[in-house]
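Working notes, structure below.
We just call them A, B, C and D in the order they show up, numbering each chain from 1.
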Amino acid sequence: MSINSFGHLLRLTTWGESHGPAIGAVVDGCPPGLALDEAHVQRFLDLRRPGTSRHVSPRQEPDRVRILSGLYRGQTTGTPIAMMIENVDQRSADYPEPAPYRPGHADYGYDRKYGLRDPRGGGRASARETAMRVAGGAVARLVIPEVSFQTRLVEIGGVDDSAQWDSLLDEARNAGDSLGGVVECTASNVPPGWGAPVYAKLDSELAAACMGINAVKGVEIGDGFAAARNRGSRNADAMRSGASFDSNHAGGIAGGISTGQPIVVRVAFKPTSSIGVPVPSIDAAGNEVDAVTKGRHDPCVAIRGVPVVEAMVALVLADHKLLHRGQCG
Amino acid sequence: MSINSFGHLLRLTTWGESHGPAIGAVVDGCPPGLALDEAHVQRFLDLRRPGTSRHVSPRQEPDRVRILSGLYRGQTTGTPIAMMIENVDQRSADYPEPAPYRPGHADYGYDRKYGLRDPRGGGRASARETAMRVAGGAVARLVIPEVSFQTRLVEIGGVDDSAQWDSLLDEARNAGDSLGGVVECTASNVPPGWGAPVYAKLDSELAAACMGINAVKGVEIGDGFAAARNRGSRNADAMRSGASFDSNHAGGIAGGISTGQPIVVRVAFKPTSSIGVPVPSIDAAGNEVDAVTKGRHDPCVAIRGVPVVEAMVALVLADHKLLHRGQCG
Amino acid sequence: MSINSFGHLLRLTTWGESHGPAIGAVVDGCPPGLALDEAHVQRFLDLRRPGTSRHVSPRQEPDRVRILSGLYRGQTTGTPIAMMIENVDQRSADYPEPAPYRPGHADYGYDRKYGLRDPRGGGRASARETAMRVAGGAVARLVIPEVSFQTRLVEIGGVDDSAQWDSLLDEARNAGDSLGGVVECTASNVPPGWGAPVYAKLDSELAAACMGINAVKGVEIGDGFAAARNRGSRNADAMRSGASFDSNHAGGIAGGISTGQPIVVRVAFKPTSSIGVPVPSIDAAGNEVDAVTKGRHDPCVAIRGVPVVEAMVALVLADHKLLHRGQCG
Amino acid sequence: MSINSFGHLLRLTTWGESHGPAIGAVVDGCPPGLALDEAHVQRFLDLRRPGTSRHVSPRQEPDRVRILSGLYRGQTTGTPIAMMIENVDQRSADYPEPAPYRPGHADYGYDRKYGLRDPRGGGRASARETAMRVAGGAVARLVIPEVSFQTRLVEIGGVDDSAQWDSLLDEARNAGDSLGGVVECTASNVPPGWGAPVYAKLDSELAAACMGINAVKGVEIGDGFAAARNRGSRNADAMRSGASFDSNHAGGIAGGISTGQPIVVRVAFKPTSSIGVPVPSIDAAGNEVDAVTKGRHDPCVAIRGVPVVEAMVALVLADHKLLHRGQCG
């Protein structure tokens, strides 16, 4: 895994800052002969883009993707697929300089790491980068047509009853505050045998993929932390003739390899760090100044995290399908 | 990340099955000039080996490590450090054939992946492989002498009061059952600036490292899933002059890069899958047979997971120290 | 090394086909704080582009590079540097379909590998891809300001007297034929200690870098094949006090590690495969048809190979500077 | 490509110094179900080991390989195959300390890189490491049973008439001197379609593989440097119905992808650097001292290079077979 690349045989490399001219991705290693066009990618991007409901940022990002390479007559050629989205709504005035390090953001770490950074809208650390993960995931899905996904929010602010979410979100937004959430992705029809025994375990790679999404602080496979509170006899997934299972505590992975059961990943998003409530902080010179977000932000980033989680899971599964085929034929 | 290797610049490759002649590791990319001997590695291996209390497997694995390369006059030379432990207690009679697929184990997945497998004691999927992670971690620590670790069990069977653990474990063992647990590792004095923005985020790599440990089903950074239930205003780690923080909900990482605060990782271990309670299963021929473990196993694998988690965290941090130095000088 | 990426810490990923909308590159891992602008990259691209003399293809490719990310106020930020060149002169009518497999080209192999290919101008296999290597090399040079390069043609058509080259090239072009050539790159002021002992030897990586350039069939370090015809006593580079050397048969690398002497790489380019002389071939249906090139091509690709070789050498050296700093501080 | 690892899906990692307790290799990513035993590997090691004729070093290295993992009942399991050879003939007295930097050796570079080194017999830089390449190649051959190899010396000391080699070698050895040589490897029955378009071109990877062998200074594919002296019309490999070719100037690779013709690689070995003729040099303190080799060395390392070249070519081809299967099915 390189710094801005993800995957072994199917590799996603992304680039771009939120307020630069464009963001982009290169998908390398895609099998040839898959039907792909911009509309297919756009469909998934549209699920993620802001401005779609009152609970997500009102920014207007049309996020119109262009595919610049790797296609011929509507089919993938096996060569790198480059995708690009131009940034059209770059209101960097929302990000004045000098500015306080925004707690929970990459600001301080970047300055300490690189000695300088692009402060406009988080630069490379902006959640805008996840658009290209979604684009990459749209390609990955073509590699694994046998797999179907169901991805959904299962908690907002600790509440799993979705009927309460609207009012919770309204309350938080009105208070200038934000809420966390949990996203669950279920990938069905993954055949048994994908994954690898030790350092490229399927669950290990899913964990890396999902923990690397902006604002994610926890990842579970199957029962996750609840398994740590269970007894072995109850946590066991008994098997029956025909390789059916009585339960799926394992979340479809044992020993790093898929079992044929649905793969279940749960992902914890922290509450949006950019909030209207002032938080004590410092600026680059070390002066104490409150961080207050005046720009346009989501009260709960987990909402827009749904397609991103699904994209990352798709990328991991597609990569491991190719890895498995490479080693085991 | 290759299939049996871990890390970018500091790379751990491990090999070996639990009942083969030996297990081993190669640590590549270690800086030169570090004082290293077998006693140093052995000290960490001894923390992990079975037979040390009544709550861990009574197997006798002296786990005597030999360093076979990469040293000259007590110092690392910068070339690969090969380590090996011979397997001396190979009671494969405990693992009769044909055998049921043990639920929760890699057995079924391996057979479906590779078409054959080494059935003795889990073969490559055995937790014995983690001895070499501990050995690798012992080397990694030398690369990051500035970092100090505190790693401990914080929960067994859902109970965080350690005074109750002895009786819980006795009860489970006597019932032929097992318990899960949660391990927390805190790495202090990690300077700000380690990590990377997008696909080699420090938290992403810690998640991969820890989720890849046998029996792990969940990983959290900082508040983890609790953050998903918190509000943004309470989850914010306010900063003060001198780059001090009021709190550490983030667990020492923001935007994938260390902040200088202690890095906190929590790891959920499922209850040991090998239990005395019969669990319905099938054998390789598809016949329904109960899986019952008669061999020697740990009632709670999280106990021996403590040094393994610490080793994996050390490997990630050491690797990122070198990566950071490579890119940023 | 991934399929369309090159390098360890400083990684170049390229994409794009010669007749698609654009070609591009992503340089990942670049140190922060280096002064970079489009004019710097353009200067090197201009050395490579066609249409600059009567001995190179008269195609008009303005090859105007845009930098789309990784810069802030004229400095690299440490995040991926994306560069793109739009393809403005796409005369795909020069490449009719169905067409014979052009001998010496990738056509037949691509069809057998992928089952389909983009036939326009060689698609991904076009030498146009090397523009992005030159762009990547322009960034790499900034990482190694201490190194100076001298790269030049030393042979055309087996003749090392450059006074004869004009007439040789005219004669070949008039005959619809082409000539090979040899390019020599000397990198001076590389400090001793860059490289690695075994599988990332500096010479090994230079060989990969240069053999991967279109039309290259041979690579030598230092005396190369002449060393194989020499005696050990004459091939030895004696050392003197102050770490000076009497000679440089080794080409600045011993045991895979730089010695501090100039690094000398010689690269053999075959004659251009696209020629006006008919060559018997077959088409995708297996019919025998002559391949005759009517389009615009270089009579000697080695001429335009000069900046490409230098770029690849710069990428390898910059990468190894970072690797060395990462491991050895 | 990591520092001491080679390959993408089929990865060879080697470790060990010539005078340490052992040398070893880990082959990761090997397909399961291949018949493998120590005798198979030993057969190839025996071709390489010293002491087999009067023209190779009289050292006694039984080089008895042990396979320590990755096998079950005579078949590969898909998990890492660890191999080890104990060093039994460690006459480090032949390598006194302090010693002059031996010209042509890694000595000086290692000291400048690492600040210290294992001076016994070249340590990690010793050609003894190539034994593990041969062992790795023995495994790789099993992955590509369709491919047959013919590898031979084609030149010693610039002479291609093998009838003269005995006297040439005797003369050089008696004079305390050494000779270079050229090894040619032909791999037949490689199907068309292996390789990759840009940075993992089959020829690029073969160049890296062979240039990384100790003492190698040049690599050619097909006609190599002779192609640079040829005309395009004569260098073209005309194709005929049935995908047959009239010639093989290309050496079986076009555009980085195999054409189905025999793959031909030529490798230039410099004359052995360790010679009895004194060569001016310096020691670590900077004092001028002659380097004179009194130990046991080969007058022409190319002789023992034959099985090493073949092993490296086999590793590259096997890796690319798996890569091709992974991406293209």
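Note that in this section a residue touches a chain if its C-beta (ideal position, glycine included) is under 8 Å from a C-beta of that chain, and two chains touch if they have at least 3 such contacts.
Please read all numbers here as calculations on a predicted model, not as lab measurements.
The pair from A-D, B-D or A-B that reproduces the interface of B-C, where over half of the contact pairs by residue number are the same, turns out to be A-D. Using CA-based centroids throughout, the chain positioned farthest away from subunit C is B.
In this assembly, the C-alpha centroid of subunit C lies 25 Å from the C-alpha centroid of subunit D.
Once the centre of each chain is set as its mean CA position, subunit A and subunit C turn out to be 37 Å apart. The mean-CA centres of subunit A and subunit D are about 44 angstrom from one another, to the nearest whole unit.
Among the residues of subunit D, those touching two or more other chains are numbered 2-5, 14, 29, 32, 78-79, 113-115, 124, 197, 323, 327-328. Note for the complex: subunit C touches subunit B at residues 9, 29-32, 78-79, 197, 322-323, 325-329. Across the complex, subunit D is touched by residues 2-5, 11, 13-17, 20-24, 26, 28-29, 32-33, 66, 68-70, 72, 75, 77-82, 84, 113-118, 123-124 of subunit B. Across the complex, subunit C is touched by residues 1-6, 8, 12, 14, 101, 103-110, 112-115, 124-125, 129, 155, 157-158, 172, 177-182, 191-201, 203-212, 214, 216-225, 227-233, 235-243, 246, 249-251, 253-260, 268-273, 275, 277, 279-282, 286-288, 302, 323-324, 327-328 of subunit D.
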